[in-house]
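The following pair of complexes shares a single chain, chain A, combined with chain B in the former and chain C in the latter.
Presenting the complex of A and B:
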């Protein structure tokens, strides 16, 4: 077997299918997007080469509103890192202590990740319905009528109302990643710390957290890049409205591609999204490396 | 042993590699003697769409009369269909594309025609149909450079449906005919605790169903038609006044405030459930309104400025069409089927009170829904029609226009902001 592994032809043959798939499904579309981003093209007729005009327009045009969309995504990324991940970590630490019903809790918290996003979107649409939605009904029931809102229809509340289900849905995902990390901490390390008189909090702080730091880093990268790419729930709940209040780069890209027939501009947004995701992933790696 | 293991692993790769290869021709047969040719039809007649019964009936009739043709209909939700058909047209191979597809007339179909993606239907019309059957005016929205590319499946206008039971509760036994009467009626409804209008803010085309008739009745069909066609600018003070009028109506509580977050289905359901007194939308809703548990009536939005507009004009026209993909391997057959099918869909849509006939009726219409007859009478008196703005304009300006309409409904801009913005962005 070792002889087989050392033969470069075997390695090439076995890697080739994956390499073809990777290039065809990932690299080629990125290259195509980069190419189309330099054209004014409606998707059907002749393309016109316009250089970096799409990039310039994207950052300067008020009618496109890319900066606002990017700001919304970055806000979601901040909330994901500072709200969603701490919550997921807290749940993982609690569940990692072999509490009663650990499996059941794990399944329940992970359930939103398994449910189709469209179903979750429909569920939250009903929760937010201004007339019969459970949120407004509950507020009215406790006499807080002045706090009722048209949650997804008002500019002031729409963004927050959209972020809540997004953050809620993926808490379970990050929790599972971190839970696996917590469970991988060698019991003897915990026991040794406990014998030395460390409290639960101290064990978590000085033993568990440093041990699962690589997983925390992965979670942060997933949370940030996932926020930049967020699309499905926003599309179902508001499709970027009202008045672009919940617009994110992905919804803007779809709007450019298929509503405004601006394939060049849509490709430009796609390219910028890829660059941003790579940049943030590298930045997060750098931050964690410096801490090490 | 190692060689055998390596051989097994290589053999295991074969199915994966084969899966990456192109599939064989799986398209329809070419229609030889006795062979059944299958044509793919894409449309938006989903289960909840009022057009669906007409599509199913027309297909059933056609297949019964032509046993060698099978039509496979695939229906998609309205908004997602726009994405799907554009994506398929821009990059799809003939295997990904339907033979016949639903399309809106005007600029939507025009983009595909410009790209050479649509079959010209002139020969089919010339050889099989007469001007009496399909008046040329009904083909205007699918005619480009004098050639016909679409088959109208219905003809619709924006109509103001009224729940007469609610109007009577507010002391009105007829639909208001003037703007003064309309505001008085709305005031009376509000005083009686009844919401006059519902408008779906999450679907901006629904807002245009209110705003466009107000603008139409302020500046007239000729001027609005020129603006939508890009032959005149939006910089018209009467348009600003129309926008301000609509916002005043919102301020006075004439519109259901929940509507900003609702979709069209929910707003329509509210009207059909007796929650709002009026519902201004396409005449394709006639059948559903007529079937509601209340006495219904239909009218047009009243004239706002008699110096420039007449009561006898409307927003609408033959907008829904069938067209044939140029890449279809059975394009000639698909063209014949599309025209025949479009005619029959139009027939059943009219009888089902889903739309007026773009094709001259050659069947018994004595059992027509009275509300549909009323809309027919309104259209018969019309001197001019202006196609829906987002259909008349090409995709990019249409979306910019819809953005401004949404800003009007959200009260982010006033009338002056509306005309200034559109003049600047659509110059």
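Presenting the complex of A and C:
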């Protein structure tokens, strides 16, 4: 059998489809994006090599507003790590303790993750609708008329209004990962601590949290890289508006490509996004290693 | 002591219940306004159950709104993607776990890079290539990229399962005269059913909900998938919420329906996709 399993032809036949698909769609395009980012190119006519000009323009031009867009997505990352994750962790810790209705709560909390972001976006568009949306209707019903806003249309409220559904939708995702971690804590560890008189809080603090640290790390990485890449809900809710108040790198990239036909600049944004995602993933890995 | 822990428990349940309402309300609201008329949605009855169940919203969404078409397109793309992803991943996994050659560990790690590569990375080159090959506005324009981006997670899950299949099975099949393909198709593939289910569910959800590629690679109305179709529809019916609600329900219904029966399996597939070794 070993001889048969070492036959080169079989190895090639079994690997080839995956290699072609993987390299053709994922690996080669990264290189191509990097290459395009050095050109001024509208996608149709000849490319002109312009070195790092795209990068320079991106970081300095106020009219593109890349720094603002990046700032928005970093703000989302911060909110995600310091609001969304703690909430998800709290839910995971509570549900991981074998309480009544555990499965029901878990399943409902995870549900928004499965619903298409376009559907979620359309729903929240309706919730935020200035005239008939649930939010303003409710505010008027309790006499808080002065708190009503054109939530997605005013520069001051748009960013916050866009962030709420993004953060809301993925609480369940992080909760599920962390819950799986909490469930994997050996019961003996928990029981031993309880016998020593540890309270629930202490068990969580000294037994559960250290045990699930690797999963917390994964959650933080997903929260940060997910925020950097965020696109769907913003595209549906505001598409970067009003007056670029809710622009993030991805919406900027799409408008560069398909509204302004600036393929070189679009590629530059894509390359920077990949670099940022990997850089943050490495950084978070380092931070978690330092703590040990 | 007894009392304070009791109050604490009650408070926890109140918190959990509130969060449950926050999660259920938008979905409940979607279902109810999909069956209401404009006057009810816009004033008389914003939150309550519909007074008059207006099923005609659904016929409007299906017929004039083309939801049936988008639904079919999404189904074709999702099912083709699942089939391709599974075939390619099962084959690659067989080479990575069973066949004997140097560098298979490295190659496995190489594939795992795919878990972290954002789809942004490939959008420009893939768009340019597809347009050169005249493949924009075809199902393949979505099926191929979707399969490629599902591959890493599929291999991750399949490797885990295939390593659990005892090698003695391969050996005895060999002794019975099976070749490599025989072992693969008759022994390994049938035993990979749980992995196939996990990968299938995960891939389905990814394709069903994907927006960025679907929006960019397809511009013909006849080939649009649900997310893009729903977007287009809501642009047409800005003042009539009923049919939009119906379209949203139609787009969400299959996932929620499957979730009701397979919630545990679906949750497992998400955990498997995130937590690697």
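As a convention for this text, the second predicted complex is superposed on the first by the 271 of 292 C-alpha atoms of A that agree within 3 Å, B and C clash if a C-alpha of one lies under 4 Å from a C-alpha of the other, contacts with A are read in each partner's own complex, and residues count from 1 in each chain.
Rule of thumb we're sticking to: a contact is a pair of C-beta atoms (placed from the backbone, for glycine too) under 8 Å apart; a residue touches a chain by one contact, two chains touch by 3 or more.
Everything numeric in this text was worked out from a predicted model, so none of it was measured.
In the superposed model, A:127 lies in contact with chain C only, and not with chain B. In the superposed model, C is the one of chain B and chain C that contacts more residues of chain A. Once the two complexes are laid over each other on the shared chain, residue contacts for A:112 go to chain C alone; chain B is not touched. Of the two partner chains, chain C is the only one that A:267 touches; chain B does not reach it.
Applying the stated contact rule after C-alpha superposition, one finds that A:238 touches chain B and leaves chain C untouched. In the superposed pair of complexes, A:43 makes contact with chain B and with chain C alike.
Look at A:154: by the touch rule set out above, it reaches chain B but stays clear of chain C.
Judged by the touch definition given at the top, the superposed model places A:198 against neither chain B nor chain C. Touch criterion not met for A:209: it reaches neither chain B nor chain C.
Judged by the touch definition given at the top, the superposed model places A:17 against both chain B and chain C.
The residues of chain A shared by its contacts with chain B and with chain C are 1, 4, 10, 13-14, 17, 21, 43, 131, 254, 257-258, 263.
The touching residues of chain A, counted against chain C in their complex, run 1-2, 4-8, 10-11, 13-15, 17-19, 21-22, 24-30, 32-33, 36, 43, 91, 94, 99, 101, 103, 105-120, 122-127, 131-132, 134, 137, 168, 172-173, 176-177, 180, 215, 218, 222, 225, 229, 231-232, 235-236, 250, 253-254, 257-258, 263, 266-267, 269-270, 273-274, 277-278, 281. Touching chain A in their complex are the following residues of chain C: 12, 16, 19-20, 22-24, 26-27, 29-30, 33, 41-43, 46-47, 87-89, 91-92, 94-95, 98-101, 107, 111, 113-114, 116-118, 120-128, 144-145, 147-149, 151-152, 155, 170-171, 174, 179-180, 184, 205, 208-209, 211-212, 215-216, 226-228, 230-231, 234, 241, 244, 248, 251-252, 255-256, 259, 263, 266-267, 270-271, 274-275. Chain A makes touch with chain B in their complex at residues 1, 3-4, 10, 13-14, 17, 20-21, 42-45, 63, 128-131, 150-155, 238-239, 241-244, 254-255, 257-263.
Put simply, chain B touches chain A in their complex at residues 2, 5-6, 9-10, 13, 16-17, 20, 82-83, 86-87, 89-91, 111-112, 114-115, 117, 201-202, 257-262, 394-396, 399-400, 403, 406-407, 410, 412, 425.
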